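Structure provided below as structure tokens; questions to follow.
Should a chain be cited, it is by its letter among A, B, C and D, assigned in written order, with residues numbered from 1 in that chain.
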Amino acid sequence: MLRKHGYSAAELLTILSARQLSDGQVVFAGVGIPLLAATLAQRLRCPGLTILFEGGVIGAFIEPGKLPPSTNDQRCTKRANMVLGSAEVLLLLQRGYVDVGFMGGAQVDQYGNLNSSFIGDPARPKTRLPGTGGGNDIASLAHMIVAMKHEKRRFVEHVDFVTSPGYLRGGDTRRASGLLAGGTFRVVTDLAVFGFDADERRMQVMSLNPGVSREELQDNTGFVLAFAPHLGVTEPPTDQELELLRELDPDRLYTG
Amino acid sequence: MAAKDRKATGKAAPTYLELREELLRRDRSLRHKVVSLEEATSFVRDGDSVGIGGSTMSRTPMGMIWALIRAGRKGLTCSRSIVSSDGDLLYASGACDHVVTSWFSQGILWGVSKVMRHHVESGKVRYDEWSHMAMGMRFRAGAMGVPFMPIRSMLGSDVRKQRPEAIEFDCPFTGEKLLLVPALNPDVALIHVQRCDAYGNAQIDGLQFMDVDLAMAANKVILTTERIVSNDQIRRAPDQTKIPFFAVDAVVELPFGCAPHECYGVYEPMLRHMEYYVGLVNGDPVKGMQQYIERFVHGPKSWSEFLALIGIDELLEAARAGESIYDA
Amino acid sequence: MAAKDRKATGKAAPTYLELREELLRRDRSLRHKVVSLEEATSFVRDGDSVGIGGSTMSRTPMGMIWALIRAGRKGLTCSRSIVSSDGDLLYASGACDHVVTSWFSQGILWGVSKVMRHHVESGKVRYDEWSHMAMGMRFRAGAMGVPFMPIRSMLGSDVRKQRPEAIEFDCPFTGEKLLLVPALNPDVALIHVQRCDAYGNAQIDGLQFMDVDLAMAANKVILTTERIVSNDQIRRAPDQTKIPFFAVDAVVELPFGCAPHECYGVYEPMLRHMEYYVGLVNGDPVKGMQQYIERFVHGPKSWSEFLALIGIDELLEAARAGESIYDA
Amino acid sequence: MLRKHGYSAAELLTILSARQLSDGQVVFAGVGIPLLAATLAQRLRCPGLTILFEGGVIGAFIEPGKLPPSTNDQRCTKRANMVLGSAEVLLLLQRGYVDVGFMGGAQVDQYGNLNSSFIGDPARPKTRLPGTGGGNDIASLAHMIVAMKHEKRRFVEHVDFVTSPGYLRGGDTRRASGLLAGGTFRVVTDLAVFGFDADERRMQVMSLNPGVSREELQDNTGFVLAFAPHLGVTEPPTDQELELLRELDPDRLYTG
């Protein structure tokens, strides 16, 4: 998909996700696209971005071409400022040190809830997925950016299982359930960038990616889309972004 | 009450006083505990609740798990922060019918574990999912000798709905809703470390994961270690000791004891073997797994023979990469 | 709500969301934070709740306390695991009218502090006594972002009866009686370390006391350090970092910053100066203390001048003893 | 006192306390006599005694002549097996790793309760004492040996303030208050060694120290004494005990 533009869907996704981060932030990144996007942002625009990993890492600088196979591998600690316990690094989220959580999922719904546990009925699942890992904690305790490939079966009205809470059933339901802070504020896909409205907390399109029409986006989405009043068009990846990204992941470990 | 009886009667956990009595019964003096890998398996009984150190492919006590499968252990309940191919082996060998963790697959590089899927989706085994922090807090409560820890995650999610073992609770100080997650005190913990002395004073370099809490929560600890060092060396830097000797019951010197997984600063994962493994078992989660277990678990006469099957080139390459973390 | 307003209105503690907002307002990026001892005092406001690192005579941030007294801070509430002569100085100077700790006297060698007795028995100041573990668990709850920790001590004692802030509670899992001790999140923590970088990544050798929890519980941290090292040195051994830079707001390089107390591996307590001090202030807790503060706190132009008053011989002797901990 | 025997009261107290410990035990020792007695036992009869200190020390070997001024000083860590946080070392008591807690106090009562907080009415105290330190935790969570100088004003019917709980008001009151384990099982003084009966949990004399009569003991005690059915006489300190003790504390820092 999107090969015509000279970059892959995964590359676009990574680059657009990286743009959501600001210098000086503390970001808790999951493995895969989030890790790669945070590293890209750090090398490109945000030298003061502090990246946290679930394995227990603060302030890592991932080396180009040495992407870790998980956020629990020693490669995640290269030139880190601090290595600490897994519970300790998650407790930083609970205490409130973290600006942004950043991860993916198998399914997302209109309220930004993520599923990475079950496809189908959890009692008799069609597919048992790996599970939450730190996802539930990150989503429960921080503001979230979600990066996902855009497919109709992944963008659903209601996820089969709320692994990592977004706004739950919308409106005030997240706060009412006891989750006092955080919430999904961006969903980035290879087709568009989404935000959430302030009242209903329902997903809305903020900008369409280059060459994507409203109709194409709706066709690939499992619920009726809302569009922001001032719908934008995403800036395409720059040569610099693509170049640096390909340096980071020359073996296409995450962007294959 | 023994683990097996607890499991048979559906009793979830030992009481506080039972836990204390189990500790007091043990010889907690500074004594020599070095045993062979085979001897160490005697510290794990059928039906035990077994806590596993490390996370995903890192510092997994693979050698000890391998030995327990060879020794024919059955009915284990295994808890770990994140479960990788160790869980495949435990399910498929019949050693374990219940996994408690936050994430379970071979690793992000290979998608969903077909072995996990095969066993869980068929209903043959149980996989209890907790959030990662909840796993950590359950071990921590166990380590601290209290019945629970309060947390602010899992609330509102379906992960929480599947875990009636956790209790929602209005904080008497603030009125806030909190989740109380119950202490997890495994009968035995399996932990691999870079070095320890013959008494069990252990140092862990780099990523610690949940191992310190797990060690203190468990009733018994079996350490496997890359290297046994002198007690004098430990005593020269006592602030580097992460697990105290009196929590430890057995020490096994087992170089490359995490293979084909990683041991921080010593070797990275052996990805060629992992690729081969995943190709085999995800191709056919029953026969592929059977084949792997026959050839790599029951086949070798010793752990060294297993390592030889992985191949000296891959071991050396993994070691070179592992040590490179210390390059400035 | 600012600390002073909270104190004035009798509001005990900031809410969870207030605590989070305070953290988010701070610049938590990897930035240079080195300031002078005098500049660092601006991070502490009158009426603040101040957590003090170290314990008894060990790793006490004496230089920072000395500077706060010179800067004329008033109405501080100070919490620490165990309070020694630092508490005498804080009470007698008028900087602090409320101490929260488990034990308060100059040290076991000198009996009960007459200065503490004078201030507490006259009712001029408050000394809230908690068990030592309760102090630790209060900082830990603060560090973890939860409102309380459950403990099994203090129950049944008069220490507990004096602390209605703690809540007795029947465990919903076991029915056991537990004590819930409330989180303690100081406005600012003062912590002395052996070394840190200019960003505040801190290493602590030897005894850690409650400093890591204290640092993570506090809204702000002022580090004093024997030595500022490069960020490169920190990054070569990230598993030795005990306090992360983003918890830290100010870094002051202050050799002998715990004098006349101890800094692990660097110097032992300066017992001749302590003997002199205790003789003076326990002889007359009002005038003796006044004399000491005039001569040793307000007298010197700088911390170095204070050290000169202790005397180079005593400093060197303490340093020789301090370093001897590393003799095999 | 007791100079006629060629040893001081503090020396006797230390030696008798040391005898209460067994090889292989894990003992949590307070500063002063307990620290010294545990070290004496370790060097004399119990090489496998593991000594814990509140500052965060496991398995220390205190050097002769280098007694620490508190259990939070670096001297406590000399050749220790492990140094850990202060909360962590106390949590070992809560988890149940510790055989014996060992400390002193300003007052003790017939139920083994200790006071180190207030003399007189706590609301308007005659004397504000230093406070509990780890004492309350040790006494709440472990079996306790108490070492104290024997004086009438220190051996009272009811302590002015229960800092560190013994059996509270006797009988089942300790367990009923939520303290599920532990309790004072020995009180060692320069006049006698005490235990507690199994029902009432009241202090009783187990053996009289050399040269001490029942009457002298009662005269120096603030409550009516009970005597064990088989009242013993404490063995006097041996030359070896005294010699080793004086090597450990040549400056009489604790035994002065």
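Everything that follows uses one rule, which is that a contact is a pair of C-beta atoms (placed from the backbone, for glycine too) under 8 Å apart; a residue touches a chain by one contact, two chains touch by 3 or more.
Everything numeric here is computed off the predicted structure, so don't read it as measured data.
The set of chains in contact with subunit A as well as subunit C comprises B.
The chain with its CA mean position farthest from that of subunit A is D. The distance from the centre of subunit A to the centre of subunit B, with each centre set as the mean of the Cα atoms, comes to 29 Å.
In whole angstrom, the spacing between the mean C-alpha positions of subunit A and subunit D is 58. Per-chain CA centroids place subunit B at a distance of 38 Å from subunit C.
Across the assembly, subunit C contributes 16, 145-146, 151-152, 176, 178, 206-208, 239 as residues in contact with two or more other chains. Multi-chain contact residues of subunit D (touching two or more other chains) are listed as 57, 77, 83-84, 91, 94, 180. Taken as a contact graph, with one node per protein chain and an edge wherever two chains touch, the assembly fits none of the named shapes, being neither a line, a ring, a star nor a complete graph.
All chain pairs that count as touching, in label order, are A-B, A-C, B-C, B-D, C-D.
Within the complex formed with subunit B, the residues of subunit C that make contact are 15-16, 145-152, 167, 169, 171-174, 176, 178, 180, 182, 205-208, 232, 236, 239, 326, 328. Against subunit B, in their complex, subunit D makes its touches with residues 23-26, 48, 50, 57-59, 77, 79-84, 91-92, 94-97, 99, 180-181.
Taken together, the subunit D residues at the contact with subunit C in this complex read 31-32, 54-57, 69-70, 72-78, 83-87, 90-91, 93-94, 117, 122, 125, 127-137, 140-141, 161-165, 168, 173-174, 177-180, 253. By the touch rule above, subunit C contacts subunit A in their complex via residues 16-17, 19-20, 23-24, 27-31, 143-146, 199, 201, 216, 231, 234-235, 238-239, 241, 244-247.
Contacts from subunit B toward subunit A in the complex involve residues 54-58, 81-82, 101-105, 107-109, 112-113, 116-117, 120-121, 127, 129-134, 136-137, 139-140, 151-159, 162, 168, 176-179, 206-210, 212-213, 262, 264-265, 268-269, 271, 322, 325.
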